[in-house]
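Given below, in the form of structure tokens, are the structures.
Common to both upcoming complexes is subunit A, partnered first by subunit B, then by subunit C.
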Partner chain A sequence: MEPRKLRVAVHKFASCDGCQLAFLNAGEALLALSERVDFVHFAELGPMDPEAEVDVAFIEGSVCTREEGDRLQRIRARSRFLISLGACATAGGLQALRNLADGEAWLNEIYPRREYLDALATATPLSEEVTVDLAIWGCPVNGEQVFQVIAELERGLTPRLPDDPLCLECKRRGAVCTLVTQGRPCLGPVTRGGCGALCPRFGRDCYGCFGPSEHPNTEALGRRFEGLGLIDAAIARRFLFINSAAPAFREAGLRWGGRPACP
Partner chain B sequence: MTRRRIDIDVPTLARVEGEGALELRIEDDAITELRLRIFEPPRLFEKFIEGHPPDDVVDMVARICGICPVAYQVSAARAFEALFAIELPPSLTGLRRAMYCGEWIQSHALHIHLLAAPDFLGAPDATALAHSHPEIIQRGLRLQALGNRLIRLFGGRSVHPVGLKVGGFHRLPEADAVAELVGALEAALPEADELVRWSATLPLPQRQQTFTCLALDDPEGYPITGSTCLTSDGNRFSIEDFESHVHEFQVPHSTAFHAHLDGRPYLVGPLARLNLHHQRLPEAIQALINEIGLTLPSGNPFHSLTARAIEIRYALAEAARLLRQYLERPARAAHIDGIPCAGTGFGASEAPRGLLWHRYDSDPHGLVTHARIIPPTAQNQERIEEDLRLELTRFGLHHDADTLRRHAEQIIRNYDPCISCATHFLELRIRR
Partner chain C sequence: MGTYLGLLQRRHADTLIQRLRGAGYHVLGPVVQDGTIRYAPVDGFDRLPAGWVEQQAPGHYRLQKRDSPRCFSWTLGPQGLKPLTFAPEEPLWTVERRHGHGLEFHSHFPETKKQAVLGVRACDLAALALQDRHFLGGPHPDERYRRRREGLLLIAVHCHRAAPTCFCASTGDGPRAHHGFDLALSELDEGYLVEAGSEAGHALAAALPLIPPQPGQQARAEREIRHAGEAQERRLPGRDLMTALRARRDAAHWEEIGRRCLACGNCTSVCPTCFCHCHQERPHPTEDRSSHYRQWDSCFTSGHSYIHGIVIREDTALRYRQWLSHKLGEWHAQYGRSGCVGCGRCITWCPVGIDLTHETAALLAAPPDDSEACDA
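For the complex of A and B:
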């Protein structure tokens, strides 16, 4: 007997849509996958059944409205395995920078009629509200990791993704170290690999879009940045960027003074 | 007289980028309420980029939209280049334009095949079309992949690429990789010709509306970047005067601002560009437009799909031309440095969905003190609501709720609204 197809949902919360493109940009691989699994909910592709019971739920985006908070609870209750897809879902994303400022004041500054909006003053990673079974990091996620995770779930395995620092990926790919050779404030030593060491291969320092690696020594790296001549505010900006709600990066950013007040 | 009242709710619009809904109330065969609700939560980009240096901003604004990050990066980079008086040599502007072509190809191919085509071919979604029309879908996916490959050449990945910076690029592409891609782009031209011919065979609704078009006027040719705006009423103004012509306002039912051009709804995007600038397309493409019998300018909003197919064909040839040029005359440096200063910079480019305008104020260190971004979907919202009112009435409000809902979704989807871009898309609620 053929094994039952996995029932898969792809949900979207506050985000740029970029992580869903791991599916929509996959071409033939997406068509092949859609034969192997049942996409029961994936609004951008077409199927719509947000309340369906599923085996695997991918969620892109962070929780930025009361409605999203409620929807997250309903999805969790109907999903066997819940995956946070990308930086926003896993660590708040860029929009979590409001958590370090007066989010309510920002809403009032941009929108003349704040009362028209169901918007929270904070952007929250999924794991702060529900149990997340697997986090796929990255802004955006690496599509190969997404397809690998689905393949492992189809075989009944518990997927795991590497969390060692980008430095190892740089070495494997023979990328020249931008920190050592150019004195650039590269976040590679404290950022998990998975992107393919893109930035160093483009001659620029890693800006941490895959989030903190295992045991990140942000203290030592921050001091190294001081030695490169970076002022505190510049060091804080390095850590408080795409994954500012990841505890390791948030604490490091705060250690160097947090988000400076607007000049 | 029997009073007939229908309420239609589309709670979440499928096959659009981002999240939105439509609420429609029909009473006695007249639309009494029509609201396109965008409920993409505000992410407050314009606030959190304050205090960041220009190259951070280039990486940050990319995250407004995963489908058109290059447009955001280019508009931002151009604003800071204007502010710091950095003039890019033609070699670098050519490479920027080639990278931008990649985003048009990728985004338009995704829209035509994965989002729009099911409407016209009677399928629920693209995976069903892969069975009923395999050759069409496979061709579309090949073109989409080629667009992504072009972006990767310059930025390592097609979503939030890492190669672009203020003053140029972090790294120049290698000649071997460029030559290989030129071959692939040129080899795809016959498929793109076929795509344009196929787009003309789709059962697009035939109708005529009157609307104002707005697009950039690009000294390089068919508009991708530029510092001057052109309207179909014959008005021309600098991007520095954009705020005195385009007025944004908030409506209760949407997190995206709405916008008027000189007090009226207007259209940006592929059809606006084609209507205004079709004479600037190469002869081979103008011949193709004549062959399919498309009369320009067109007042049929559904010709947006045809315009996307034409722009894919254009972007393939244009990128191949620019990359050949680069192979003959390589750029000397990947970027040009500027000196940060206080001031205000404006930058604009033609995102796949239309004109994308940025303004940044900076302090003496070049750090952002104030930012304003007007994305294309916000600009098109009033036009979409106007189109819905006209087209649903013409289509016939006597149709049952399901038929009306499907037709309304098709009208909205035709604008390829990118709701994430609206920084802030569709659920249909029809009430009668």
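For the complex of A and C:
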């Protein structure tokens, strides 16, 4: 008997859709993959069955409405292995900046009729509401990591992604350090690898979109940024940019008096 | 002092690269790239960094252009020879499921490429000798390393200028290259004094338009090299620190370093003698095969001390202690010398500028532990 194919769902919450593109951008590889796994729900690809029982559920986006909170519970109940896909789902994403301000006041100021909106004052990472079996970090995620994870699950393995600091990847790729040669406030030493040191390879400092590494010494790095001439607010913004709901970055941002990136 | 075979005048310098190419070598030489100096393919001396020097300090590297014809007044870039012999990442094998016929394994080996590297420094040659010892010296030589290593032809340049981060004079590995090169050059404004260190080097020198050196040229070169050693600001407190470091396993200073260190692994990645690696399995997402990779690791990762469910070196102080006590201490037991050749790269490329010479001095300034740790 042919073994049963892995049943996979890809769900979307509050997000920009960029992480789901990791699947679509794979082109032919996605076609080959759909021979091996069943995408039972994946709106961007076509199949629609949001309530289906699945082996693996990928969820992109953070919880920003009551409806999303309820939907998350239903997905969790019907999925054997739940994966937070990308920065929003894993650590709030950009929209979680409102958690550091008065989100309710913002909603009242920005929208003429607050009562028409089912919007929460906060943006919450999935792991604060349900058990998440694996986090795939990044804004956006690295498509190779996503395929790696599916390949391992499909073979019955427990996927594990690296959480070593980006600097190691940066050096393996032969990129030249932006902090040492340009004095840029690179977050690589406290950010987990996985992106292939994308930014430093183009001469740009990492802004931490893959979230905190295994053992992040944000205090020492923040002090180094002070030495590079950054004012406190600029240091706070570095840490609070993409993954402000990740505890290590949040704490670091608050240590330097963090407020959201812009008023 | 070396035995100079003659002077290669600056206007004939390109013949060196031409002869190497003629002999089938890919020639790598120093070029200015991404704000630093790196080895890259070169087809003439006009690609080399004439007049360029670098400023190095803890956590700091900047290039500067001066008005000088010299192509080797810079000292070191971020990497020595290590990436050429010990690949940062490479597949070791692929296993494939043959339907109905079990599994099939294929090994991956690099081709031996004839590569000539121009501008290798004494410290990096000393580091290469250590890596040779590690990868090739035991009963199970590393075939991938061997193949890469075998194709190398090394053209050293003695250092006439040291960076403030250099301390090769204190480790005994520079600024003059003594062994491990095929050809060695001393650079003067007017050209290069040439020495040979191997048969291949002699053959190469014989094919160059060398002229007898002018009186005083050799003495000038020797003086500049000596000065590069004497001007070094940093040093280690001794050659063999194994006993001294073993006796300070519980020093409070490790914790103090642990608060500053990022555990980022830049020091081990740029260190030309560090050899730790880890393994990874990467199943192909859509085909029935999986590849096994090896990549550079570091004693600053959790995986490095992960054994059966626990990470032995949980905090950074312990990881830094592992790095320093292995490099400057236990290497003596393992390889008969220190693992540090004094290149100073770990100082420059540390994002927070931690300086192993200062940390070692601070550790040794503390009295030895009274525990019995010393005899372990």
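In this section, the second predicted complex is superposed on the first by the 259 of 263 C-alpha atoms of A that agree within 3 Å, B and C clash if a C-alpha of one lies under 4 Å from a C-alpha of the other, contacts with A are read in each partner's own complex, and residues count from 1 in each chain.
Definition applied: a residue touches a chain if its C-beta (ideal position, glycine included) is under 8 Å from a C-beta of that chain, and two chains touch if they have at least 3 such contacts.
Note that this is a predicted model, so its numbers are computed, not measured.
Because the two structures share subunit A, they can be overlaid on it, and in that overlay subunit B and subunit C fit beside each other without clashing. In the superposition on chain A, A:G203 makes contact with both subunit B and subunit C.
Once the two complexes are laid over each other on the shared chain, residue contacts for A:N217 go to subunit C alone; subunit B is not touched.
In the superposed model, A:K12 lies in contact with subunit B only, and not with subunit C. Applying the stated contact rule after C-alpha superposition, one finds that A:I231 touches neither subunit B nor subunit C.
Within the superposed three-chain model, A:E68 lies in touch with subunit B and out of touch with subunit C [touch as defined at top].
When the two structures are aligned on the shared chain, A:F147 is found in touch with subunit C, with no touch to subunit B. When the shared chain is aligned, no partner comes close enough to touch A:A77: not subunit B, not subunit C. An angle of 110 degrees, to the nearest 10, separates subunit B from subunit C at the C-alpha centre of subunit A in the overlay. Counted by residues of subunit A touched, the larger count belongs to B, out of subunit B and subunit C. When the shared chain is aligned, subunit B comes close enough to touch A:L97, but subunit C does not.
Remark: least CA distance from subunit B to subunit C after fitting both complexes onto chain A is 10 Å.
Once both structures are placed on chain A, subunit A residues 203 are touched by subunit B and, in the other complex, by subunit C. If you check the complex, the residues on subunit A that touch subunit C are 29, 32-33, 35-36, 147-148, 150-152, 155, 157, 163-165, 167-168, 171-177, 179-183, 186, 188-190, 203, 214-215, 217, 219-221, 223-224. Here subunit B touches subunit A in the complex through residues 12-19, 39-48, 50-52, 56, 59-60, 63-67, 69, 106, 110, 114-115, 118, 124-127, 130, 137-138, 141-142, 144-145, 148, 155-160, 162-163, 165, 170-171, 250-253, 255, 334, 363, 365, 367, 369, 418, 420, going by the rule given at the top.
In the complex of the two chains, the subunit C residues touching subunit A come out as 33-36, 38, 59-62, 78-79, 83, 88-89, 259-266, 269-270, 282-287, 295-298, 301-303, 315-316, 348-349, 351-352.
Residues 12-21, 24-25, 27-28, 30-31, 34, 39, 43-48, 50, 64-65, 67-68, 93-95, 97-98, 101, 103, 106-107, 109-113, 116-119, 123, 139-140, 195-196, 198-199, 201-204, 207, 209, 237, 241-242, 259-263 of subunit A touch subunit B in their complex.
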